[in-house]
């Protein structure tokens, strides 16, 4: 956060400390606000257990959104881990990413409300999928921009860059496919969104394994 | 956050670390809370898409408030980037700025609720504009105070000071003009508020370009 | 946050970094959540301005709570500024302080709801005052404990310790007096609470002045 | 946060700075959101005091959840205090822990709503207990994984490892016992949950005492 590399990088650009702190704040708040979308069933004194089970779409939507924001935060961490310094354009791209991340609680609520309601379900799943697609696409753009503009540290092995790119790009393609699929089977698409989040969370194990061997 | 400059500055004033952390927290929360103001349309199972399109004022208000808080956070970052240390008065000015920033979700909700409702629309747009004006004015005061009180680092080029002042002052004037305009065409004023936020976000590119050449 | 003093202090106790980060988070969230307590007047299309003016108690409660949390955060900053390291007991005292700080949005809502409603107004003002008293008392205890347990840096001038103690103790006494007063004139008590918050915010100017002369 | 140990550890794993910042954010938000679950009694102008006393389950649930999240945050601090660096798996385990921590406001609301309502009370207390059990179990897993994978600093005394393990494991067992007990006496179980949180908060005094003697 205040190591030598950053101090030296201060002249050509911005320190990454506040961009990281602000991003961590937005990610943490967005991920924690999700729980507010789950309503306590009212007047269900006779069968609370049944009422709780009935609102399974709320839990599913919570889980998918939590996993997605968690995965994006993780990928964001990997990106800034390799950032020497930030530039004005990178900070603005990051603000765009945060815009779509912090919007996610809205389609999450929408999905929880309208799952299992035929037509409306498709609309909700589509809006949700588009939001996830934008998050994923902007994360990919952020990473490509950082690599292209030589903002990543010189000590970054090509292998890591490859791993990141290999995982983020099919993620974007996956969202497009699932949005189309969601027009016919919305719930299947939502489960697919969860799978992509888990997939993005997993790849970095490769980096760890390599490190563990070293 | 804990570099040599700060450590040496500890005697005459306060470290800027906690002021930055607290400000980042408030900015991050205010910007993320905005999404809670967007209501999920109730009982719109037949035409959810239409119901979502109908509440466009909510999305517009969300976008303007997000862009404004993002722009203010960005400008705040540039200011603290150049701060050697904080003083008691600066910290209190900063608290005032955070007061009006964290109030913004209220007029945002007000605007989303009353746009397209003739008389009430003007009141909502005016209250919103005054809130934005106060944010912008206090940001400008904070910057001028820091420059005037010699709290900015010695290594700050005059050019950067100029760029900042050139952009923040017309921003304040722009808000005054738009508040008056909003008495007649409220929606036009709101679009104008978005334009100002984007305008404040853009100028720092100049700083980057200069840095890139160096 | 990671300067030499902290690193050396690591053996006997805890680093203060995470205690500060967590406290900043709670303070920032509590202060930003306050705005959610202000309701948008519903169905006031004919006279929105009048409806907004009518809910002045909400704004007053918002202002008092914001100023109080701001003042407490500021005092907390001064305390941790002088902290060499944290101990297990200090961290638990700090958790107690955060408990009463993060509870404040509830009596704030209560006050905004029941001001100008005779009997209920007194109850609301009393609950609010007791919450503020607890915040202030725990802040004072935290400071005295840190001084007593020799957790403050050796480079802390006695003058600063005095200034802090001189301001925090009458603050506690002031809250007791205002709670009693509030049983008869609740609104006067609330204005008094605002005065105390401003009073706690002001004293540190003395520290600055001394520093500025040095 | 940026000391030498971390810098050297950068090659084999991740810095712990952002994991700590993100975790602190989630803990701070979850603990502060709890107050939103306490409803202001509506239309109780005649007997506000009575109405406030009547909703004691809300305060109890608030207190238990606050103490639990506070205890978990404290234990998390102790763990990361000893962490040299983070690995990909540790970060994912940490995300799982944050998932169940940030879910806690939901069963808290459930409990506050349905305490004193016979059958529903048992369901609410059971759901609440299971959530607490998962939090405690994942915290224990996180600690064991860090110890097992040699991620803790070499300068960590075995005594500290022992103290932590001794307290976290019976905590898990305690939750299981209380969940069963809660099927018969739900309120007793809730008071027991408070006791466990206080118990987890206390043990680290031993570490302090040892340190104070040194």
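For reference, chains read A, B, C and D in written order, and residue numbers begin at 1 within each chain.
The rule is simple: a contact is a pair of C-beta atoms (placed from the backbone, for glycine too) under 8 Å apart; a residue touches a chain by one contact, two chains touch by 3 or more.
Source: prediction; values computed, not measured.
Look at the contact of chain C with chain D and you find different residues on each copy: under half of the numbers used there are shared. When the CA atoms of chain B are superposed on chain C, the rotation angle comes to 90 degrees (nearest 5). Centroids built from CA atoms put chain D at 25 Å from chain C. Between the CA-based centres of chain B and chain D the separation comes to 35 Å, rounded to the whole angstrom. For chain A, residues that reach two or more other chains under the stated contact definition are 1-2, 21, 25, 28-29, 33, 36.
Of all the residues in chain D, the ones that touch chain C in their complex are 1-3, 20-21, 24-25, 27-29, 31-36, 38, 40, 44-46, 48-49, 52, 62, 66, 70, 73-74, 77, 80-81, 201, 204-205, 207-208, 211-212, 214. Chain A makes touch with chain B in their complex at residues 1-2, 7, 11-15, 17-19, 21-22, 25-26, 28-30, 33, 36, 87-89, 91-92, 95, 98-99, 102-106, 109-110, 113-114, 117-120, 123-124, 127.
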